[in-house]
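Letters A, B and C mark the chains in the order given here, with residues in each chain numbered from 1 onward.
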Amino acid sequence: CALVVPLTATADQAEQDRIVERLERLEEGGSTSWTGGAPVFESPDGEHQFKVRGRLHNDAWVTRGTEDGEGDIAGTHNRRARLGIDGVAYDDFAYRLEGDFVGGSLAVRDMTLQYRGFGPWELTFGNKYLDQSFDGRTGSNFSEFMERGIIIGGTRPEAGSRPLGLTADVGGDNWHWSIAALGDAVDGSSDTSDDLSFVSRAHYAPIHSDDRVVHLGAWGYYEDLGETRDIELSSRIANPFNDVTRVESGVFPDVGSAASYGAEIAGVWGPLSATAEYMGKRFDSDESGVSPTVDGYLVSLGYFVTGETRAYAGRRGTWTRVTPENPVTEGGPGAIQLVARAETANYDDNDIPGTDVDALTAGVNWHLVSHVRLMLNATYFDTAGSQDDSGYHVGTRVQVDW
Amino acid sequence: CALVVPLTATADQAEQDRIVERLERLEEGGSTSWTGGAPVFESPDGEHQFKVRGRLHNDAWVTRGTEDGEGDIAGTHNRRARLGIDGVAYDDFAYRLEGDFVGGSLAVRDMTLQYRGFGPWELTFGNKYLDQSFDGRTGSNFSEFMERGIIIGGTRPEAGSRPLGLTADVGGDNWHWSIAALGDAVDGSSDTSDDLSFVSRAHYAPIHSDDRVVHLGAWGYYEDLGETRDIELSSRIANPFNDVTRVESGVFPDVGSAASYGAEIAGVWGPLSATAEYMGKRFDSDESGVSPTVDGYLVSLGYFVTGETRAYAGRRGTWTRVTPENPVTEGGPGAIQLVARAETANYDDNDIPGTDVDALTAGVNWHLVSHVRLMLNATYFDTAGSQDDSGYHVGTRVQVDW
Amino acid sequence: CALVVPLTATADQAEQDRIVERLERLEEGGSTSWTGGAPVFESPDGEHQFKVRGRLHNDAWVTRGTEDGEGDIAGTHNRRARLGIDGVAYDDFAYRLEGDFVGGSLAVRDMTLQYRGFGPWELTFGNKYLDQSFDGRTGSNFSEFMERGIIIGGTRPEAGSRPLGLTADVGGDNWHWSIAALGDAVDGSSDTSDDLSFVSRAHYAPIHSDDRVVHLGAWGYYEDLGETRDIELSSRIANPFNDVTRVESGVFPDVGSAASYGAEIAGVWGPLSATAEYMGKRFDSDESGVSPTVDGYLVSLGYFVTGETRAYAGRRGTWTRVTPENPVTEGGPGAIQLVARAETANYDDNDIPGTDVDALTAGVNWHLVSHVRLMLNATYFDTAGSQDDSGYHVGTRVQVDW
């Protein structure tokens, strides 16, 4: 009997050595993690990472009650269909490339190489989403309304929301500061010099616990247009499917540069959340001598009837992903949030007549699971000034991201 | 000797515990499966899945014998170059996003979120390929001919083959029923209301065994165009590279709505397969008082000289992937299928003169392996009515999908 | 004591059997390898492979000193933003599909199915980058200058650098020969026949060791344009952001066919490398009777101050990836290469007046890690002939690939 035992044990040992060899081969492949949707691949040393990312926002909208009836249209609309990749090479280099099927064709969105090895700073080369306003900077997967505030569109730089350039970021658990020097959008012309903008935003959260947040922030930018141009603002009102219902400025002649600025406050108190923002933009012209200004504000409230707390990204100063406590796939109700927003966008300037708009939006956000959300928005709007209109938009969204 | 044994065994046990820990870490990454081409990633609980998908169809075509010689052109043509992803989140939510490099630029194709948790129903939000006709619904990777029947293009809704909307599907091993309410294509205009269509298809396979199938199906749709428009059908004949050889209707004036309908039968008997379809479309106008109609049929036969049986998707009512019994990579001949098709498309209406076309196609499909196929098609066509033409197309395709 | 031992060993054995089962399940997923950036997935039998690939080249350019000042522009520019996949199915079938966000929208690049089972030959169906010139064929991730030589653009076929067709390749460690029959680019028109070109290139490296290379190569093509057309060459000079500074030919009338040819020599000697190329193109017209010709050369030198040796791809006859001996992520300086180039492009023909250009470029390539590179280029150019201009371009690039 004692003779048999060692033989068995010896056999085990040889097999165990083979097992360890096989384990090592498998471990050379690195590891995979799942965060709800798509896998994240990581090399064995943790230095390299790779992920396919994307989002899908499919909307349906109906408008009624416009004064001449021309804006009373209805239809389906793909708001976002993004596909891209996120990678990290040698720990310090993060790259991202993503496009969006806008109007049916894949147009570029983020396109960046980030270097994380320069002390506390993150240096990002390429075109990333502009750091401008709390609502403006919150990712579209996490926005509380189907569309951002109207005035956010009105205060974007001429080069758009993703100019190509260099951004430097620094921050901690409850603050950040970013500065950027940016040129034109990627599809800008190549026979004149780029616009040049300098953009900065900072925030600080004096309170930032699990269920309490107070957020304070400010931002601004200056853009030099290189060559003067006439500028006429024209923004859709809450409903991106409807090209008819718009708020428009007059023509600002011979604009050579512009400056924009904003202040933001936000807070979370258990299931309650609130934001308030003011922002404006001044268009300067040496030639015409006038400096027309647009401005506006937005105030929003949110309440989770299912008890969740609004997730806040302390390093970015924005809302972030809501994770339901009881997702529908586990028989729960998901996370249901009621939201309301009042906003104004004043494109009417004393010197140059345009339109002002007031809008009230009520909405429901139903997060079935962490990565799937249904949205319902109803907006009443009223424009005054060079155009006079009012009406109702009702919209729904089916959203998934990965 | 007996003293040595326990020590060795104890060492094994500690090592084994470490091995189990390492196994557990690896198992947290989930599993990967390979179905011939690209990997499918799955989370450890099986609730999440992810896959990159695509297809490549590269063609070369030559046309000869057209009456005035203008259509006698030759060249290469990329028919499809698709890239996209397929994912499942939390078991019940399936998402898909895919584009096609048509004319050199990536245009959107499927773009859907599907919910599978609503009893036996699958609810799909977004734009998926329309459920219309046996040949029309069979995926292009599995079609028996390089191009679908001509009349299938002629009976598509005005909003195209992938309008944005909501589809509900229910079905079993040998039947399905789908209903859809659909708006415009994703690149539709945003200053008028969408078209609105209601589409339905059902099929039943009274016989459905490994080598015998009898398939019966029917479908129809009604579309309300919102605003009336003049419609003129113009379809390429069997060869998508050739813009010159076409079948065209006259101008149908002030069309406000349309209805389309079709019946389908298909069968498999060992290596033999056959299909027959009839379909038509009526264009209605309150203003002009005429209701022009187009219609056509197609009949096809297939025979595997290498003995395979035509694969049939019982839940969808379409052909599906052919897997060679002896692929070329294992020294076999692959799967070789001979096919023939007779078809007609009548765009000539008594009230509004147009063109009718008859076409005969013979082809060879050589499946080298399950995901790679070579195709050869030869078509003789003859048009009559407002244009009079005839001629030959010969085309080849190199196809891979993943 | 001896009684305890067998029990422990038995327990081990059962657990070990379970461990082996779990190992086997994991091994069914295949393996993953990491080459610096993105993972490569492989099936357990090694027959299938899959990888997401891409590159990002973000540039900033400034031009000064042009004669009338119109070309003195500055700005940022996305030169390349590529995303695609590489796959292998059943060992013998390799597929690739890749697009580039040019001007903001994803346009197709490589789109091929390759068959590797035909003896020593690789047969590639689809549109791949043309095998033409040492500098022309070297991938943009590995080029020593931000832009290829000017004359390379001038000698491209009318169908562009990636026509759709069939390429056959054969080669060994230090030689290759390719022949291709090609039609139009994928976005070519479909109402006339394609251009038809025959392209061939061969190289031989009589010396090819770790730190010594002598490369000799030659290439040529003939293209039949099908229908005659007027051709006017217009190439940007070293700076792809600047549409103003260009070298242009006169109008070559009624061109029916063309032929291009080139000879190449390159060498590596430790940290030193050098290339020299001459190439030309003749445009033939039966109607006009004249055969205008353009030609040019380029000579380049490179030196690694950090001691690396220029990597050379012996099977392709091009430069390939530089791997720093001491990457910055390990505290080293990375690989730093100084480069210089003299070049000329003569678009001025005796019969048809145009412009000639001479250009001198100095540059620094800083490979931080194997997949991240910073580039700095300064070019002085001088044009003569029908236009008279000169000036300086200074450009920088931030580059990552995966």
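Methods note: a contact is a pair of C-beta atoms (placed from the backbone, for glycine too) under 8 Å apart; a residue touches a chain by one contact, two chains touch by 3 or more.
Bear in mind the structure is a predicted one, so any value in this text is a computation, not a measurement.
**Q** Over half shared or under half: which fits the residue numbers at the contact of copies chain A and chain B, same or different?
**A** Comparing the two copies, chain A and chain B contact each other through largely different residue numbers, since under half are shared.
**Q** Specify the angle of rotation obtained when superposing chain A on chain C by their C-alpha atoms, rounded to a multiple of 5 degrees.
**A** When the C-alpha atoms are superposed, chain A turns by 120 degrees onto chain C.
**Q** Find the geometric centre of each of chain A and chain B from their Cα atoms only, then give the gap between the two centres in Å, rounded to an integer.
**A** Result: the chain centres lie 35 Å from each other.
**Q** Going by the touch rule set out above, which residues of chain B reach two or more other chains?
**A** Answer for chain B, listing residues that touch two or more other chains: 2, 5, 9, 12, 16, 19, 23, 26, 52, 99, 105-106.
**Q** Which positions of chain A touch chain C when the two form their complex?
**A** That would be residues 1-2, 4-5, 8-9, 12, 15-16, 19, 22-23, 25-26, 28-30, 41, 43-44, 47-48, 50, 52, 84-85, 87, 89-93, 95, 97, 99, 105-108, 111-113, 117, 125-127, 163-165, 182-194 of chain A.
**Q** In the complex formed with chain A, which residues of chain C make contact?
**A** 2, 5-6, 9-10, 12-13, 16, 19-20, 23, 26-27, 31-34, 36-39, 52, 54, 56, 58, 60, 73-78, 81, 83, 99, 101, 103-106, 240-244, 327-329, 368-369, 371-372, 398-400, 402
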